[in-house]
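Chain nomenclature is as follows: A, B and C, assigned in order of appearance, with residue numbering initiated at 1 for each chain independently.
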Amino acid sequence: MKGVLATEKRGIRELGAEEMVGWDEVTQGVVLHSFDTEVENVAHIRPEERPYSDFNSYTATVASWRVIKPVYNRDVCIDCQNCWVWCPDTSIISRDKQMLGIDYDHCKGCGVCVEVCPTNPKSLLMFAEAEDNEEALAKWPEKKKKEK
Amino acid sequence: MIEIRWHSRAGQGAVTGAKGLGDIVSRTGKQVQAFALYGSAKRGAAMRAYNRIDDEPIITHEKFMYPDYVLVIDPGLAFTDNITENDKESTKYIITTHLNKEELISQIPALQDKADRVFVVDCIGISLDTIGRAIPNAPMLGALMKVSNMFELDFFLDSMKRVLAKFPQKIIDANMDAITRAYNEVK
Amino acid sequence: MADKMELNEVEVWDGNYAASQALRQAQVDVVAAYPITPSTPIVENYGAYVANGYVDGEYVMAESEHGAMSACVGAAAAGGRVATATSSQGFMLMLEVLYQASGMRLPIVLTVVNRAVASPLNVRGDHGDMYAGRDSGWVQIDAFNAQEAYDLTLCAFKIGEDLDVRLPVMVHQDGFVTSHTAQNVYPLSDEEAYAFVGDYKPVDEMLDFSRPVTYGAQTEEDWHYEHKAKQHKALMESYKVIDKVFEEFEKKTGRKYNRLEQYMMEDAEVAIVALGTTVETAIYAAEQLRKDEGIKAGVVAPRSFRPFPYNEIREALANVKSVAVLDRSCPMGAMGALYNEICGAMASTPANPLVTNYIYGLGGRDFAVEDAKNIFREQKANADAGYITTELQQFSGLRGPKLAFYEAKRS
């Protein structure tokens, strides 16, 4: 399954599977351009609309690195943005402070988002990579009672 | 090539004097070099400055020289520094002192067979009188003009005005007095 | 718009002042510096030019030389014309960042006033710092006097900024002997100098927000080697641009520079190869020896230390019988670096001159005309004997018992 807000450029190849060009084709000074074309006001363009170049890791995927994955449960989420802040791979997709889901092209399955989720039950839980997301949501745990 | 060695203490203006001389000489179409050998770089430490003057570009960069002129602008260094080092039969000495020539030479054995080549002038006294500070470099240049006949006094004074142009008029005038007095008083 | 400075046809400038005037006339945008003797006046003067309105630029006081060169890298990556100065210990502290600057292909100009490297502490001139930079990927140009320090600093911008080069450039001058010796210097007017250097054309500048770039990427064994090879090729081929810039400079000023300077080499039987002010002192000695002692002496001097003028060396020394290579840096456990370069060049030619190595002038020890003459005389003795009559490495101007190493093998 492609991640939320899929784009043509995102995750088009495995990270590290770049074409190994010779010395004559590498960039001068190891300078790497993020975009294929000029961009204006890039901070105001959403990632999926930016013309990312092959030098930008946006176009590479690390999905295969994952053996467990976070699954997101919209029903419990309070849009606190904790997971968005803490994700080390910018793989939490949020729009206008509203959680949309996981970017499975760039998520490595580290579990930090689950760790920092404050809801009860958690809105993000780790499941086996092979597990279907719908089935995972179906077995979501109940709210835990506070121990007295 | 004319070679000049200055014996000075850091702060007395030997480097400025050597560079000023170089500047003036360069405007007459000559090639010049002005450099210094700093001691411990503290104010008051003995140091030496050097000039070379030639018609051809000066390409030697050795510090070693057989000086044509030795300019001693600190009165004490005539006694404590080796001012006759590497001298020649023709080397001329201009020494700052309040003593007269005979008194000075009688106290410095190294100068005793060179009396006809020793000149004295009280650059410290002159600079105190005219500039108000013990900066003996400008009067020494006045004395050098007289002893060497390098330039006419008037030409040299005009040139020095240009070198000193960044200073207030009062300082320029005092330097002109100092140079003129040393030119007239060197013996 | 910066004010113009009125210069005389002939000025009496020392090497530091000459270099600082070149930085001003090139209208350097940023100088980030941590001043150190004997190069201090270069950046000090630039700061004064900025303060007095003679440069439309910025002087950045850094917290160390490492910081100074780092700020230069940042300013150059941002898209500015950038320069600084250093010497000795400061050069050593900059060294790590020198490799960054060249690897990122940033055409920074570094005016290096060569000074000995501690310990023991010493502020005077030798080539220890210059040698430490020889693998750093910079173009290294060597000035032998104050006029050349001025001329070559102007040329440095034009060489490094050329789109076929895009490498940082060091302009070396000898501490005190050049930096603090005032000599006749014939400067260009501000207009002529700037017209020669030209406007700066930034490449991949970080301040172009429409084309965001990454500088300083990491590459491991999969990419690093290719990038280094590409950089080496740029430096190896920079000689074409250096030649072109020297030609243009000659057209403008009549002063001719060559990547390998040669003096009286047409019929020379013996030669000294050297760097810095020693070159001129050796020429002075050679002229006298030719006149007074009939020794056909010549002098060869790499103006461009990097890229090294390998082919030119082979031609220049093809007909010389005995060559003395002078290194003003203690090689510590080996032959001098310049000696090794020269022997490497000559080893692949049919010419087989007798080549020996002289260490000299460490810590500013005077290199006198007489020292140069003695070295020439030893070469003459080698030439006459047809073999090397001395040890391969000798120390010139050293007190104490004679210090020398290695015998030549003759069978």
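Points worth noting:
Going forward, contacts are C-beta pairs under 8 Å (C-beta built on N, C-alpha and C of every residue); 3 or more make two chains touch, one makes a residue touch a chain.
Every value quoted in this text rests on a predicted model; they were computed, and no experiment measured them.
The most central chain, judged by the distance from its Cα centroid to the centroid of all protein Cα atoms shown, is C. Distance from the centre of chain A peaks at B, each centre being the average of the chain's Cα atoms. In terms of their C-alpha centroids, the spacing between chain A and chain C amounts to 52 Å.
Centres computed as Cα averages put chain B at a distance of 35 Å from chain C. With centres defined as mean CA coordinates, chain B is found 79 Å away from chain A.
The touching residues of chain C, when paired with chain A in their complex, are 103-106, 166, 203-204, 209-217, 219, 222-223, 225-227, 229-230, 233-234.
Contact residues on chain B toward chain C in their complex (touch as defined above): 18-19, 22-23, 26-27, 31-36, 57-64. Contact residues on chain C toward chain B in their complex (touch as defined above): 8, 10-12, 14, 145, 174, 176-178, 180-184, 277-278, 280-281, 283-284, 366-370.
On chain A, the positions that touch chain C within their shared complex are 20-24, 26, 28-35, 38-40, 42, 55.
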